[in-house]
Amino acid sequence: MAYTILGIAGSLRKGSYNKMLLNTAKKLAGEELNIKIYDISSIPLYNSDEEKENFPDSVKEFKEKISESDGLIISTPEYNYSIPGVLKNAIDWASRPADNSPLNGKPLAIIGGSAGMSGTIRSQLHLRQVALFTNMMDMKKPEVLVTKIQEKFDSDGNLIDENLRDHLKKFLNSFEKWITFIKGSRQI
Amino acid sequence: MAYTILGIAGSLRKGSYNKMLLNTAKKLAGEELNIKIYDISSIPLYNSDEEKENFPDSVKEFKEKISESDGLIISTPEYNYSIPGVLKNAIDWASRPADNSPLNGKPLAIIGGSAGMSGTIRSQLHLRQVALFTNMMDMKKPEVLVTKIQEKFDSDGNLIDENLRDHLKKFLNSFEKWITFIKGSRQI
Amino acid sequence: MAYTILGIAGSLRKGSYNKMLLNTAKKLAGEELNIKIYDISSIPLYNSDEEKENFPDSVKEFKEKISESDGLIISTPEYNYSIPGVLKNAIDWASRPADNSPLNGKPLAIIGGSAGMSGTIRSQLHLRQVALFTNMMDMKKPEVLVTKIQEKFDSDGNLIDENLRDHLKKFLNSFEKWITFIKGSRQI
Amino acid sequence: MAYTILGIAGSLRKGSYNKMLLNTAKKLAGEELNIKIYDISSIPLYNSDEEKENFPDSVKEFKEKISESDGLIISTPEYNYSIPGVLKNAIDWASRPADNSPLNGKPLAIIGGSAGMSGTIRSQLHLRQVALFTNMMDMKKPEVLVTKIQEKFDSDGNLIDENLRDHLKKFLNSFEKWITFIKGSRQI
């Protein structure tokens, strides 16, 4: 069965390696996972006063895209031992209103890479804590923690590391099964 | 000795209880701590491309205010089991460039309150993790974790809870000593 | 369908409130969840040298009980902003060998209470991090975070708080569904 | 000035790489840091009932050694994305009674290594959370996160990696300054 996936990168810069990682996932995904990438750069700073009046248009669109999707893939760098503020800000908007958030029950896959050896360990752990409150259904295994990510792509942004390619394929395959699993559970 | 403190609220909404908490700290602080509150609502989304060109004006100002201060007080709510994206975003900007961030070595006091019983436990723990990377010198004790914060203020935003007032005074007193301590250590 | 659940308390002391909480869960569970409580006090300190020779008898028994169960309920206090060492130690043993641990894929329900207002928030968050590595399938919602737990029981250890009783019943009901859900997913 | 340091390894196995790391730190430390290694393998499982009667002899000794020291160095592996239960258990004992714990205000240095690429990131982060409650004064920088630790020692347990040797020397030098700093602050 084919699923529609919303792909979100946690970094806004053009040459972001985590964007490359997300684009690679999009290419590697077979027909079963149709990944559409959503750019969070137009989502304003969260302010609950605005929420009470009316959600900004970009936020409305973001929430609709989440609602229409069968799952999310978030590709995130690590900033200051945590997830980027811009990513958390987008999630803060999407989590509102608390009793009717499109994040509730949504299957979630997390990937990420860093220039050093940490591979975004702290960032991903923290994103799972956010998923606990928002009730996103984050897949646990396999994890994708890319070390020295700058060595994994050529200058055109193409993946040149075969081990990572194989691991991503396995990851995407598991995510498809995970979505099927979560969807099935809703009928129990 | 008198210290200049930059006070930052993690919520942007006008009637924020964490803003009230910060304002109360400002009033309760004696001559020793001169708390100036900085509004982070004009700080844009972090994008490292812009950093390479030129920091936005609001970010330049924010970084200067931090540099000029002897310490920071951050009053933060908890959004989705973590710190607000808007607060993390402001910290992400202030942390740049990594080798010359005004956050490096800066004394930090953390306060916060929630409507329920958690008192922003998770949010504050996570802010300390961010402080680890950025090398902010967060004071450990006492902690200010305000439960049922909406019951602690009258409709004009005045604190009406004597226990919290006493605790905040003790907290501010400890923070003054903490700053003296950290400043002294730089000479070792 | 009836499930066999292994109940584990994170505190060893006789009058532990978290033991009372676990005993209460055992009583409240209907025929669907048959909770058998396992005492971890005879599990020795983990030492991987012993593992290579032969697991201690008490550890063998503990691992068998986990294997035979359909799920785990862990009732844990919070010691020093984390899970008790004795609980982590039991989990360290059960997690071995890594490629054949009885924890792998096991449904997990977490409950806990504290004398103060934190309700074991930090302890439970951390137990979920341990569950991530060991691939225990921790149920996310509802959470059971009991504040002022000493006021919830009479001197005979009987629950005297109706709200908590109702919440525990709801929790146990959700856990039964969660187990059914996880078991079903293994066939995908 | 010369300081007496208590060194604690988080693993009990004889050939532990984290024991080798601690032994190396002991050798590299100059006259300023006299590191005495304490073996936690005889500390029993924590039970607060025993605490009320009388602390076990091994625990009394452990607490005295901590009291007499000017600081602690903990060398810890990562088990199941956290600190070993045996290490947490020893800390749980040392933290009692809460109003008179020898851990209170004690300078703490954390080191650790793993066979893979994570370098005990999660374990060390969590130990800092425990340090927050127990009010141990953990040094933030530099961090010692050793990846592929099995490649850093020869078969006799001697360090063969020059970069790590230099980093450890720098780390020990910083820790001496940190202790002087913390001791000075107590007079403020």
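Should a chain be cited, it is by its letter among A, B, C and D, assigned in written order, with residues numbered from 1 in that chain.
The rule we apply is simple: contacts are C-beta pairs under 8 Å (C-beta built on N, C-alpha and C of every residue); 3 or more make two chains touch, one makes a residue touch a chain.
Just so it is clear, the model here is predicted, and its values are computed rather than measured.
Pairs A-D and A-C differ in how many C-beta pairs touch across them, and the larger number is found at A-C.
Comparing the centres of all chains, each the average of its CA atoms, the largest separation from chain D belongs to A. One simple way to say how far apart two chains are is to compare their mean CA positions; for chain A and chain C this gives 31 Å. Taking the mean of the C-alpha atoms as each chain's centre, chain C and chain D sit 29 Å apart. Mean C-alpha positions place chain A and chain D at a centre distance of 37 Å.
In chain C, the residues touching two or more other chains are 81, 122, 125, 129, 132.
Residues of chain C that touch chain D in their complex: 11-15, 41, 43, 45-49, 79-92, 95, 122, 126, 129-130, 132-134. Within the complex formed with chain C, the residues of chain A that make contact are 125, 128-129, 132, 135, 140-141, 177, 180-181, 184-185, 188.
Those residues of chain C that touch chain B in the shared complex are 81, 117-119, 121-122, 125, 145, 147.
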